[in-house]
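Order of writing sets the chain letters: A, B, C, D and E. Residues in each chain are counted from 1.
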Amino acid sequence: AEPVRIGYSIAKTGLFSQAAPSQITAYELWASQVNAAGGLDVAGEQRPVELVWYDDESDPAKAAQIYEKLISDDGVDLLLAPWGTPHHLNVAGVVESHGFPMVGNTAASVAIREVQPGNIWFPTSAIPDKIGTELAALAKSANVTSVAIIANVLPFAQENLQFLVPALEAQGIEVKVNESYPPDISDMTALLTRIKSSGVDGVIALSYPADSFLYMGQAKELGIDQPFQFLLVGPTIAAFQGAFGEVANGIVTLGHWSPHQAAWPKGKAFFDAYVEANGMAPDYLDSALAYMSCEILQQAVAVAGLDRDKLREAISSSTFDTINGPVRFEGVENVVTPTAFLQLQGGDMHLVWPAEAATSQYQPR
Amino acid sequence: MDILFSPQLLFSALVLGALYALIALGLNLVYGTMRLLNIAHGDLVMIGAYAAFWLFTLTGISPLIGLPVIAVLTAGVGVALYSVLFRGQLEGTQSVAQLEANSLLLFFGISVVLQNVMALAFTASPRAYRHLDDVYHVAGVAMTGNRVATLLIAVLVLAGVVIFLKSTIYGLAVTALIQSRDAAKVVGINVSQVQVGSFALGFGVAGIAGALISMAEQISPFMGFPFTIAAFVVIILGGLGNIAGGIIAGVLLGFIEIYAVALTSATYRSILLYGIFVGVLLIRPQGLFGKTRGG
Amino acid sequence: MSAILQARELVSGYGDVRILHAVDLSVAEGGITAVLGSNGAGKTTLFRTLAGLLAAGAGHIEFCGSPIETLPSHVRVERGVVLVPEGRLVFPDMSVEENLRIGSVNARARSKCSKTLSTVYDLFPRLDERRSQAAGTLSGGEQQMLALGRGLMALPKVLLLDEPTLGLAPTMAKQIFEIIPNLVELGLSILIAEQDVHRTLQCAQFGYVLENGKVAVSGTGPELMQTPAVSEAFLGH
Amino acid sequence: MSLLIADGIGKSFGGLRALAGVSFAVDEGEIVGLMGANGAGKTTLFSIIAGHQRASEGAIRFKGASISGLRPDQVCRLGIARTFQIVRPFAGLSARDNVETALLFGGAQQSASAKVSDRAMEILEEVGLVDQWQKPAGAMTLSGRKRLEVARALGTAPELLLLDEVMAGLTPAEVAEMLETLRSVKRGYNLTIVIIEHVVRALVELSDRIIVLHHGELIAEGAPADIAKDKSVRAVYFGEEDA
Amino acid sequence: MKEITRNWPFLGCLLVLAGAGIATPHLFGAYWTLVALNLAMWIALTQSWTLFSGMTGYISLGHVVFYGIGAYVVVATFKTVPLWISVPMGGVVAALFALIVALPVLRVRGPYFVILTFGVAELVKFIILNIETGLGKSSRLLFGAPGAQTLLYVMICLAIAASGLTLFAKVSRFGRGLTAIREDETAAETVGIPVARYKVIAFAASAAIPGMVGGLMALRSTYFEVLQVFNPIVSFTIVTMAIIGGSGDARGPLFGAAFMVGLSELLWANAPRLYMILLGLFLVGFVVFAPSGLVGLLARRGRETSA
């Protein structure tokens, strides 16, 4: 049968190029699995899938241009999402104008709720307002009384900061240090020295991958020994564990998926297949989300075929069975998957929050 | 305020400063001597970092032991680039402005190629490994083994290069070549030897810097650009082509970075860094240690 | 006297523009040879070609009997062919002393650098006074002295002097013409292009007149003095 | 009437005193020669008059008004043009464009038009470069570039022309030509000229009056014939011991 | 005027391009509209850069700062000030900024200037980043911005204006002054060119249009994040296009931008995996084989065929 062409743009180069591979490898894994299984079920018909992609150079405007091309020039049958919030938001306008449904993944911002529902959906539950409340609750349950916050000035971190501080206060947790730092910071000694002398029992670093590495290395050197330490983005990347091993034990981070959750049997299978294909563990956040979006699309196509209206309808109303458990959308948002946190425990990543999804108990460092 | 006198900060400032100085030294040798706007310099650092990473992960050999090999590797890249691309440019181009413009384009191209070839070969995912990451406590300062090693080796290499340039006429020849190619030929400087030497030395030092960085930080194919920028800031601040000035400026930058954050807030780190850079140039258009011709 | 440096059928120019057309010329060992020619005749082009700054388009250059036309400039300096260029070409941001030191960059001269340096300072006390001044800020004449001094630092066997007294005050110019025979005594051979034709032809044993990139006339000093073309153009008679 | 008055000009570079208390006047229509050993301060004096350097002390007056502290381009538009001893033509531009630039911006302030080109060619004709008008200045011989310096200075339509060793490197025949050129442009443009030259014969022949600098001080001033006989001048400048 | 009419091949080229641009949305649809917008943007930016850097030889590696400032003005006033005011205002603010920093910045020369401009752009970037963080607005969404076609038409106007400005500068007395400054600043001063004033004016003039371009592109992107907008790659690309075009006049940027946009359009769609590598190799090859840019290459061709 004729292949189903699925298009997307990726940041192979530029600012986001480090982050994008964890998403692409998930797409590619999914495609190869589907093809190995005889093809994609298009409303009953099995058709192979073919991925069509272009490099958006980390430029959101370019991504929009690429989706324009994918839809009108290349005439792809389906779309997968680009990496990152700005790209999603830029592409949203394009898919809307064509009425072309796209399941998003790696976008996390309260701004996604401003997007016109109907053409784009966001399976993530890592949205800053929810993260703030949940993180404060987790900290409270971990008996944290005071925290130091350091935050990258980039949007995702800052958005989290906005919601986190009031949430912490609401939980009665004192914020003793609250500092932002620019993305190109190359040494945190002064910052960490300040934290060290502040006598807090929790450290929350609203960090991006590069500064998560920086934090971890220097926190170890300086002996930052707070029992509760949270890093926003980074610890889910395989290299992070490679770089720090047991030193990173006890670090809490953002993520709502884990292969250890017995209730989501597909999760373990995905993990194993990913490791087999790529020689390293998937990113618990981005790879999982990317794969989920493929699963959602796959299941919707199985019932609705390639007809855009039917597809839209199917995605908007069905409940999907994914590696992250069931997913259902209301408006643009996933309303099933809870906002959750992971902790590095003995070289493994476990969900420790919320209780109903937890695969292990939170352990103070 | 007592934070200022913390030896811990001093240690960090020294490590950072030494790294900046090392990276800038390599650039100074290429941009300072030949006016080749090497915006691929950071990518050579990246190559050095990957070389160290693979050396360690595949064979378990410490990057410290592998340093000579890594330096020779990146120096070799330098020599190859010189022979294939830049010798002709340097010979054939009449004006410095033209040379600068064309070399900018060349190195831009080289940078793009290097980054993307590495990304194609090893993916863009960040990588890291654990080596010498035990923490030692000396006189109240906590020091990770690899940072101590970085500091020591950086200082050794810097000192070595400076002594070499000062004690041999090669250093003077390098300076002479910057100022006038024609005059350099007139006095009998072996222009292509000095140039190939500068490429080899500059790129070799970049490789060493990369290997050192890889021990303490994550690496990726696109990690180079910030180092390129830092290096440019340093050599301009120190006075283009002024090797010693560049080293001082590098250390200075490290101190500014650490102490600016300590004194004010991390928020202002980049503003202060670039602000000081811009401010210094406005007051001293030839950099801190650059020479000017009066009148 | 045998020729230490010899040009045969030498052709040279800039890009497609040919300036020298088959120039034959020889510099006598231990002697002074002059090149005369009006503005644009090709003197500077000749000197630059001999020194290796310009590639010879055709023809041969022999130094001490072996061909050097394909050798790069630094090898020629190493062997002893040293140019004191027109327009000085000093290193403007380097100090006077650095300018001189770099003059003895070639292996032959390097070891004797300090000794030569004091000789040069003796010859040009003004340079001694200004050791650490940036060369670019020297007066025109001082730069000319520096260029000469720098040439001597290379311990030349043949010194190619392209208008060495340009911009020098009469006292200095006079001194230069006193120094030149001394240099010959020390064993140097000299090729000189100079507008002070009187004085040049007085001290030169042999001279060539270039016209449009060709040797128009050649002969001994007195012979040339009597050539009408020379006396008209250069002696202002 | 004095066109230019230098009043107690002094200039130090660090510890070095390049000029000290130099005062003199130049009358309209005069040709004044400036003589002095290498490093005597001649070029520095020109630089100060033309606004390239600032005097440490003293003042320069041009047509009665002080011009100290003015920028070179302002000085130029007031009617003073200088040449550079170490030539600085616009190397990438043709000889004609070099002169046209001066015509467009100097005292003449002409607007771009065909006339400018014609005028530039006239000037090149005068200095003997007309057959090289297309040549980029960078490809000219040194003496050619010196002439171009003169042409460019003339292009700014000056009243006062400061010439710094424009005859260096010319053959005697060419010197003679240049003298002729200078005389004719002086007449044609109603110029006042101050000229630095080590070619003494030319200087003596051309100048109405000669000023001698030595170690930054004015040591003699007078008619060419007198200066040529002056003992101290002969001693410091011609190096005659038996003075 | 005569000088302008002598440039009729260039003007013709410009008109044809503009016409093609205007027709694009109707003939080729949304995707090509975006490509045309892109092209017009690069022409406008590169022309503006040439107006200053090409003519004076002061290589600015920080032109993104004007683009960014213009974008920021439009974004910060979005929905409070009408666009027909805020976009030109972006240009005005960028030019004002240039005017203010010009005097001190233009004292610095050569390589120092190159890196200084880069530093200034980074400095402004981080200042605005801090302001935005302080305002709690780390990113902004601009819903309800005009569509691509409108933006394209305005952009074409800017591209034409920038080209016209550069062309005018080249043939005018002003341009002669700038060229003299490039050749030798001291000599330029000596023949009466008010060097400082000329440099400042040229600098400000070359900032205005990029300011407006930035504003338009912010609208195009509908999403504003400081680091994205002040991306140094913009500055690099401008310089690259200018050098590829090669020539101190208005033809270079036109050729350079058209060529680079065309080439990358060709490459990224057909060889997505190798696109960047090929582009890099192309740049290298270009310098080796056409060191004086496209205009230089064409001139050489012309000479060879006529010879």
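As a working rule, a contact is a pair of C-beta atoms (placed from the backbone, for glycine too) under 8 Å apart; a residue touches a chain by one contact, two chains touch by 3 or more.
All values derive from a computational prediction rather than experimental measurement.
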Chain B and chain A - chains in contact with each: E
Target chain E, source chain B, minimum contact steps: 1
Between chain C and chain E, centroid-to-centroid distance (C-alpha), Å: 50
Rounded Å distance between chain A and chain C, as computed from the means of their C-alpha atoms: 75
Interchain centroid distance [CA atoms averaged], chain C/chain D, Å: 28
Set of chain B residues in contact with two or more other chains: 115-116, 267, 270, 294-295
Residue list for chain A, restricted to those that touch at least two other chains: 12-14, 153, 180, 182
Multi-chain contact sites of chain E, meaning residues that touch two or more partners: 126, 129-130, 133, 182, 276
Of chain B, residues touching chain A in the complex: 3, 6, 8-9, 11-12, 15-16, 115-116, 119, 123-130, 133, 135, 142-144, 147, 216-218, 220-222, 226, 257-259, 261-262, 265-267, 269-270
In the complex, chain A residues that touch chain B: 12-14, 17-18, 20-22, 150, 153, 179-182, 184-191, 193-194, 197, 209-210, 213-214, 217, 220-223, 237-240, 242-245, 247, 280
Of all residues in chain B, those that touch chain E in their complex: 31, 35, 37, 39, 85, 88-89, 92-93, 96-98, 100-102, 104-106, 108-113, 115-117, 120, 229, 232-233, 236, 240, 267-268, 270-271, 274-275, 277-278, 281-282, 285-287, 290
Contacting residues of chain E [partner chain D, same complex]: 3, 171-173, 176-177, 179-180, 182-184, 186-196
Chain A partner contacts - residues on chain E that touch it in the complex: 29-31, 34-35, 38, 126, 129-130, 133, 136, 138-139, 141, 143, 217, 220-223, 225, 227-228, 231, 233, 268-269, 272, 275-276
